[in-house]
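My questions will all concern the structure given below.
Naming follows writing order (A, B, C, D and E), and every chain is counted from residue 1.
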Amino acid sequence: MATVSLKKLTKRYGNIGIVHGIDLDIADREFIALVGPSGCGKSTTLRMIAGLEEISAGSIEIGGRIVNDLPPRSRNISMVFQSYALYPHMTVRENLGFSLKIAGAAREEMDRRVAEASAILGLDTLLDRRPSQLSGGQRQRVAMGRAIVRDPDVFLFDEPLSNLDAKLRTQMRTEIKKLHAKVQSTVIYVTHDQVEAMTLADRIVIMRDGHIEQVGTPDEVFRRPATRFVAGFIGSPPMNLHEATVDDGQLVFASGEKLPLPAQFKTNVATGDRVVFGLRPDDIYPTGHGISSGGVADVHQIELPITVTEPLGNETLVFVEFNGTDCVSRMLNPRPLRPGERVAMSLDLSQAHLFAAETGKTLRS
Amino acid sequence: MKGFKPSAPFLLLLPAFIVLAAVVVVPLLLSLYSSFTPFRLTKPETFFVFVGLRNYLSILANTDFWWAFGRTVLLLTIALNLEMLLGLGLAMLVEKATRGQRILRTLMMFPMMFSPILVGFQFKFMFNDNIGLVNNALQSLGITQDAIPWLIEGHLAFIAISIAEIWSSTAIFAILILAGLLAMPKEPIEAARVDGCTPWQTFRYVTWPFVMPFAYIAMTIRSLDVARAYDIVKIMTDGGPAGRTELLWTLVARTAYSDGRMGMANAMAYFSILLSIAFTVYFFNKLAAARTQIGAEW
Amino acid sequence: MDENSSARLKRRLLGIVHRIGLFLAMLTICLPGLWIVLSSLRPTVEIMAKPPVWIPQEISFDAYVSMFSGIGKGGIPVIEYFRNSLIISVTSTIIAVAIGMAGGYAFARYRFRGKSSVFLGLMLTRTVPGIALSLPLFFLYVRLGIIDTHFGLILAYVALNVPFTIWLIDGFFRQVPKDLAEAAQIDGCTRWQAFWQVEFPLAGPGIASAAIFAFLTCWNEFALASQLTRSVSAKTLPVGLLDYTAEFTIDWRGMCALAVVMIIPALTLTYIVQKHLVGGLTSGAVKG
Amino acid sequence: GDLPGKFEGVTVDVKLIGGQQYEKLYERIPEWEKATGAKVNILTKKNGFDIDKELKSDIASGSTNWCVGWNHSSFAPQYTGLYTDLSKLLPKEEIDAFVPSTIKAATIDGKLEMLPRAQFDVSALYYQKSLYENADNKTKFKAKYGYDLVPPDSWKEVTDQAEFFANPPNFYGTQFAGKEEAINGRFYEMVVAEGGEYLDKDGKPVFNSEAGIRALDWFVNLYKAKAVPAGTTNYLWDDLGQGFASGTVAINLDWPGWAGFFNDPKSSKVAGNVGVKVAPKGSSGKRTGWSGFHGFSVTENCPHKEAAASLVWWLTNEDSQKLEAAAGPLPTRTAVWDWDLKQAENDPYKKEVLSAFQEEAKHAFAVPQTPEWIEISNAVYPELQAAILGDKTSKQALDEAAAKATQILQDAGKL
Amino acid sequence: MATVSLKKLTKRYGNIGIVHGIDLDIADREFIALVGPSGCGKSTTLRMIAGLEEISAGSIEIGGRIVNDLPPRSRNISMVFQSYALYPHMTVRENLGFSLKIAGAAREEMDRRVAEASAILGLDTLLDRRPSQLSGGQRQRVAMGRAIVRDPDVFLFDEPLSNLDAKLRTQMRTEIKKLHAKVQSTVIYVTHDQVEAMTLADRIVIMRDGHIEQVGTPDEVFRRPATRFVAGFIGSPPMNLHEATVDDGQLVFASGEKLPLPAQFKTNVATGDRVVFGLRPDDIYPTGHGISSGGVADVHQIELPITVTEPLGNETLVFVEFNGTDCVSRMLNPRPLRPGERVAMSLDLSQAHLFAAETGKTLRS
């Protein structure tokens, strides 16, 4: 039993509000990814849940029990700190085993668990070093290891893989998944890596300036972003967003360019509404560069000039000029494209998004 | 010396070397020499009479000296340990205080501002068996009807001296440890709390290892900074009565100036240096070990 | 909830216990001091009374008045002593801390051969008891003609404090993350600039505590001062304290009054310097 | 003949005892400067023990070319060769104006090493008068001891009365200084009063005689009977003075310097109730009378001995002594004694004090004139304490003390 | 003139070798990305170039001048530390302006540059805070800002964006590109983000265990990895690698499955050679899920069972079983696939790689 529920959770430093009364219910064994721009209050939220930061208002329940005033040790959580917070005076082995030692675990049990964690994290050869003798990534792995040797009610991970290389990160992702499947813990996972958030989380919480913008499954937040902010934040490269005015079934952009109003929004807007039109890079592609989309495509053809292409190895970003600014399209293996060349592009309007320009709220019903 | 380019640490340490050489090393050699003479203050010519190890040999046979030696070790051990414990406690109490830190810290250092001479007088008056504050208080409170001879009875005198010494010097530990506490990083403490440590465990496994080097430095400093203790003891009992509280320092000082037997006193002093060296080396090793533990390199 | 309120209660209780502990500790620390202050204001007959007089019956500033009044009227040259003490203590503290910073920095930041032996050796110079030192020092000073001068005492006190300040300050420099000095050097600092701009401010608490320690040691030092000074032109306050002791008597009230006069500036200076004792200076500096 | 003389341009370096009670006298120095044209340069002003330390350091380091030094009869014998013979520098009639016994005590190996100032110290008996006036006390005492309760005239009576008055921990019969030279001095005078000798005429320690044991037993018995404060072995002069002033001690053998203190309501609870009497006799009929005095000396290496001697004379001349004596201390010039007594005519307490001390001065005797006196004291007093505290018997303690003292004298080449 | 050239650069801590004599010539104004697994010696190399770490052997030249024994300040470099190393006693503004102050820049110049950097980094509202009052990402931005206010000969960046959110990171990438175009500095950039490496770098250096595995343009290291290690390290998800034995123009896998030997390797291997076969996830796709590859496809059809699919929002990873293990395929918008379902997959063998099993070296000629 380790549901976590935040009620009007608020944090202020003096007069500066940092977290503005957020509400969140996390089910037992749920894996929650917490994402948001730098400085939006993710770490602060985790630290409040851990009991390291006093809460200014609201309450926190873990496993149905209000823990507002309980010290961290009574909350049975384990945490990976963004700054690692390793014990500099202990070896890697001691760092890993410390919480078990405190819990009074038997020697063998401790050794076994430390060995297990260090194997997962590739720290075997480093067990007798001190943190000061490790590389940045190795330190981060120790921080990770310190959390995963335990079976807490709740895991709090604060960007635990940010300093690891892509390969190791993929590996670790799998290990975290396994771990979560094995131990019966609830996980709150802060990350800037969307692949991590998408692959690991049951639900994603998107924060912004101390507020929650949207809570939803990875698919939901990706496909049905609730706000313009979420739309722009989730997905890499980000969604193309352009302001437009609705005019008789058409979207009119500042540059004068026009697009038909996507069918799914027809009933929700009226002429004269100021909206933001959004389209993911995947949904713009050179006509003929066939992608057999799973859904019903509502493709609009338009010819646009190429500004630049950016090959990323396994995919290429193509920037085209639309509405006076860059608009990015993402594709695998395009043919060579020269800047300035005008290309017929297909816009899959069935995948388009519209948001109210004022509030930023989605116009999807 | 052309082309000789001294290294940075050498240059940085040079002022220290110069001062110490001038003020400590030269006099030290002089007094070392004089410990091999029957030098008497009032007979300068004796400075040039060399008697080899005679002073040292007679010290070896001097049971009073060895008693004083043992008592000094005991006092140092007891006082230093208690001071450290109390100093640590005091530092933590003050560090935890949320309000009035500045005042508290200043008050905490209050005893350091008392000249040891004054401390000596003060505690001598306080422990006076007849009109002393302590006995007066005990009698007024009805705890005892006797005039407890604090400065007479061997153990009590030892206790009284220790109390004076501890009162006056705990602050030194407290301030040094407090500075150590302030300098330590806070993240590991948070980590420990999350790892399930009780406040005591946090202290034991995280705070203490960080503060330990400072505690050992304070220990070393205090074990050497005997002037304080000397002044206090000198005034409170001057080793008496009947030599019951005789310490190395009072013995050496009396031999040196009252008796004027400087050569002998210096020989005794060099024996006591052995003691100090032992203490210093001991604490140094502890310090080095504590340092390696927190990952500081040598 | 129960658990929370009990946790809250426990915290509040701990807070109270903490306050009581603090209060008791401060009481033990301050009472003997207050007794001295009180003694300076009470007639001897009350201080030494039997049965004891707990509540002061009569408060007077006679001791202070006479201390500052002319010679022969119970006055002692407080002003001169005070001046000497201040000059000597402050100067020697500044020098000792400066040398200590240089040395401490050398130990904390450089590797060199024989480092630990030098480090230990420094301290061993302090194993010499004052007795074995004071007479040869006196010889030396007489020969150099610096007996009974400020300079002589300053020199002695610097030597007295240097090993301590080096040890202490070294310890605090070690607590300053190396990365910061490195960053400063990358930013174009010489080692010297890096030291002043970055490491020195961050070792502040340590340096402040070393300074307080050194200052109070000098301020209260008696053995060497009594050996190396002789007249009002160099005698310091602790030596002056003994002006209140005569062959057969001691004027305890006068001594207490002088003690108060001694303590007040020390208290003030300490109060000023202790503001540098702040925690968490390096937090936020480095990750990991 | 023509004191103070003229010493234009001469500078005299001096080392003086510090302490406010002496400052009055030093105010006369400028007058001397004016009269002689010389300058006085005060090198040192510190308390007696520290001057002693400093003088020894000076001797050791050979820096003795200053001129005038404070001196004390107990310390003086140690400074062999430091001071010059003043009788060669000053007219005889000036020297004769001093009390002869003090001049004798100031003469070491035939050299008059110092001129005594009006700081003569010998102890008399202070007591609380009311105790002796109390009728109840009188009858009870008489019943117990078979003789009248009057201020004691023998040390035996002191013992009886002390035991009689004692009511520890609130009240004690008497007290004695318990450490360092203080107890050794007290023991010394008691040995003399018991008819013994401390050092014999060859300078050999003989205080472990029968008389010595009787003398020490006096201390031991009082302590055992709890007639003295338990802490007495740690007491020095100030503790004694404060003790008596606090009104918790009946009888107190003490120095003249305390007389004013004891009778001053600001400092003493027994003010107005203090009686003073000449020190009691020992079993030999001799009174105790260990004495000492302050003085000034001129160094052998002084470049201006004449001027220095003039200054010493100035500080100890009749005017100076009157000045000092007016504040309480005892003079060392016969003429000043007379003057002093006359001054006290209207002050019965002062008169009582002065007559007691004048009487006492007749019985005064100095410490044995050996440079090793202080060193012997340091060796002997722990043994005395050991006997008093019951760690050793008096005989054991004294035998050991004598052995140590003998050793010291042998080491010094005196035996 | 700020070429950087490392000659047999070696670093040992006591007996442990960390960097084993690497050689690298970096041209003036070149942008080099340094990548490699955690702990391989990247930071150490940067620190040696900066002059913070003594070099155990070899030499470093900057701008043609040997700088082995020069102190950091004489090398005219600026560096972002992996650990940030902010000055905790200075405000953000002072942190940013510190190097200029030391260089004796004029007040206005300093203010201008600080304002510029803080605008780029979005630190404007935080200029008067101390580092301890910042979030992790904000601290990292300050560290970045401290480096970019200057015009050094060489920029050394040690994972400067690892703690930033994706959006900000994209933005910063563009800023870094602009900065590099503007100031005439050489850049050495350590990163774990392959998109960063690919988009920013002129050349990528791949390190492994203190050795350099390959140096090449982004395209080179992606398309023509010199070793099996590089092949597995570059690209996300990583290349599928399977051991095989060459048998008469066929690759025989441990599971018994066979594939034709890709044409481009025909001449370089002989029957009996033990090789490692590699194929990127992009080059495996369900037959019919049309990708019109730019090159000449050499497609091999094979039916494989799906083990799991992992939707990432804008793309999906499909895991199929091949040679007894998971083999990953990456595609945009696949139709719904059920685990266990057998799907016809196309393997584009023209894009396949072969490495010698023993040495790991590529078998491409």
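In the analysis below, a residue touches a chain if its C-beta (ideal position, glycine included) is under 8 Å from a C-beta of that chain, and two chains touch if they have at least 3 such contacts.
Remember, predicted model here, so these are calculated numbers, not experimental data.
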{"item": "Chains touching both chain A and chain C", "value": "B, E"}
{"item": "Relative to chain E, chain with the most remote C-alpha centre", "value": "D"}
{"item": "Chain whose Cα centroid lies nearest the overall Cα centroid", "value": "C"}
{"item": "Chains most often in contact, by C-beta pairs", "value": "B-C"}
{"item": "Whole-Å separation of chain centres (CA-atom averages), chain C against chain E", "value": "57"}
{"item": "Cα-centroid distance, chain A relative to chain D, in whole angstrom", "value": "93"}
{"item": "Distance from the mean Cα position of chain D to that of chain B, given in whole angstrom", "value": "37"}
{"item": "Length of the line joining the C-alpha centres of chain B and chain C, rounded to whole Å", "value": "15"}
{"item": "Residues of chain B engaged with two or more neighbouring chains", "value": "41, 130-131, 185, 187, 262"}
{"item": "Two or more partner chains touched - positions in chain D", "value": "53, 57, 60-61, 242-243, 246, 248"}
{"item": "Where chain C touches two or more other chains at once, by residue number", "value": "48-51, 135, 139, 191, 242, 250, 252, 280-283, 287-288"}
{"item": "Chain pairs in mutual contact under the definition given at the outset", "value": "A-B, A-C, A-E, B-C, B-D, C-D, C-E"}
{"item": "Interface residues, chain C side, partner chain D - complex", "value": "43-45, 48-51, 71-76, 135, 138-139, 142-143, 148, 226-227, 230-232, 235, 239, 242-252, 254"}
{"item": "Complex contact set, residues of chain A against chain C", "value": "65-71, 74, 82-84, 86, 131, 136, 139-140"}
{"item": "Touching residues on chain B, where the partner in the complex is chain D", "value": "39, 41-44, 47, 128-131, 135, 139, 145-152, 237-238, 240-243, 254, 257-262"}
{"item": "Residue numbers on chain C that touch chain E, as the complex places them", "value": "177, 179-180, 182-191, 193, 197-198, 201-202, 280-288"}
{"item": "In the complex, chain A residues that touch chain B", "value": "50-52, 71-73, 76-79, 81, 83-89, 98-99, 102-103, 130-133, 146"}
